[in-house]
Amino acid sequence: MEIQYIFELFGTVVFAISGALAGDERQKHDWFGIACFAFITAVGGGTLRDLFLNSYPLVWINDMNVIYAVFAGILLAGLFFKYFSRLRITLMLFDTLGIALFTIVGLEKAHSLGANDFISVMMGMMTAVMGGMLRDVLMNRTPTIFVQEIYATACIVGGVAYLVFDNFGLDRNINFIVSGAIIAAIRIVTVKYNLSLPKFY
Amino acid sequence: MEIQYIFELFGTVVFAISGALAGDERQKHDWFGIACFAFITAVGGGTLRDLFLNSYPLVWINDMNVIYAVFAGILLAGLFFKYFSRLRITLMLFDTLGIALFTIVGLEKAHSLGANDFISVMMGMMTAVMGGMLRDVLMNRTPTIFVQEIYATACIVGGVAYLVFDNFGLDRNINFIVSGAIIAAIRIVTVKYNLSLPKFY
Amino acid sequence: MEIQYIFELFGTVVFAISGALAGDERQKHDWFGIACFAFITAVGGGTLRDLFLNSYPLVWINDMNVIYAVFAGILLAGLFFKYFSRLRITLMLFDTLGIALFTIVGLEKAHSLGANDFISVMMGMMTAVMGGMLRDVLMNRTPTIFVQEIYATACIVGGVAYLVFDNFGLDRNINFIVSGAIIAAIRIVTVKYNLSLPKFY
């Protein structure tokens, strides 16, 4: 449990950095706006999951460590902004780590609340991608998850993998790492080779 | 009850088709994006209603048939895409059927949860139109319900009619059909004759 | 308590006016759209707060006076539209009154539900600014709170002041007025002298 908690906080820091840096492109956000984006990116997905599953109190209302993790992410983004923005690859790796961690954390939470396998995978994926989606909507952009390379799909595949391995009795901690690695691997490979899902029409 | 359940699932299929086809105009959505739009259009309104009324578990989390209905809608949209998009009238009729069904389903649910008449009509209307509104927001469009012809207003009129007939002791199943038909009739007539509400300013 | 209730209803009227007038700039909204914007602006922030804190029933579902206050605001906006839109300063003062009232109302409610100081200040700020933010998102604008002059920050400062004064044993009604006045003063001074927070990058 403790390792998972550390993973969750680490994922929160990473997503907060990613959210704070997302404001960059328009160049007109003040500290408050940036803090909002960081916060929404980091806790938005988990909040939606908990609202849908009626799981109260919400994590960030109950545990100040989550708030501290968001502030840590904002601070890091501010301090190392020039460094981060030059290294888009680094950023992408952080974000990939974030979705890998949050997918499994969200799936496990939904499962423990009695959701079936399908809903649990969906909740895992939503925990990972909905924060960024809400941020994009608030910034008046079309959310990238609807138009971009394989992103949410990687979370779904990793979530299914977790359930399959769990069925075969794999140790939970090992399963966490293996399934998370699958998500990260799919994301990295598809970005590197510029793969995408087939268009619908 | 059984007839109403079938109506609800049928409305879900219809809205999922409408949501899947809404992605068309930008031409850059992959399968995942389309599935998201279909899902949000079909269950978004009911989800908001249930969050506002504290009614858990959410319908789509509790009943996999709703999920299957969404997938059926996506599949139908994919298979008959060319057919559907050529027949905009057909699409409009499906959507009209959807809002007629969902308005009464939502109103009845709110009423059974103890909401007063005003709130019940409002919840019926929201069940019908909020899914499409959320989809439009996520697609970075101005929601059509704010700028377009009589749409939500038809739901409100039909909801009020349902309550009036119910007060006069009309049989619930007949009332469902009559009030739903009123919504559909208003929508179709106003589209045909291009009527709209007066502008505010 | 009664004075606070009157403040809350007055804040609702004021925000409904502000929401109804926000539709102006695009000039294509009908009565239904305007009513939606007024409603969302007035009750959106409190609704999000209550969803996050699991506080049911929602205020506007439980108390028709809130609904009447929204309608009063819409009516006033319609009747005095030309007058209001010529007096942008008047409008800004109404909106300032609204955020001052709602910040303290929201903070007190969160506190009474057991939230800690940090979360209570955050909930007060959200009660004040999230309605306008949701309206902006639905209108497909970038929410002004992310790009504009000091607005949410004034709410945060006023909320912190309320807690500090409360700690020193200041009478609750006096504290309500003093802290609200601080919020209004910050907002007015920063608008008058065109002050803003430092940019993040």
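For clarity, chains are labelled A, B and C in written order, and residue numbers in each chain start from 1.
Please note the rule applied: contacts are C-beta pairs under 8 Å (C-beta built on N, C-alpha and C of every residue); 3 or more make two chains touch, one makes a residue touch a chain.
Here the structure is a predicted model, which is why all the values come from computation and not from measurement.
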*Graph of touching chains, which shape: line, ring, star, complete, other?*
complete
_Superposition of chain B upon chain C: rotation angle, C-alpha, nearest 5 degrees_ = 120
_Inter-centroid spacing, chain B versus chain A (mean Cα positions, whole Å)_ = 31
*Hunt down the residues of chain B that sit against at least two other chains at once, touch-wise.*
51, 137, 140
*In their complex, what parts of chain B are in touch with chain A?*
20, 23-24, 26-34, 36-37, 47, 51, 56-58, 61, 64, 67, 78, 81, 137-140
*Note which residues of chain B are touching chain C in the complex, please.*
51-54, 115-116, 118-119, 133, 137, 140-143, 145-147, 152-153, 196-201
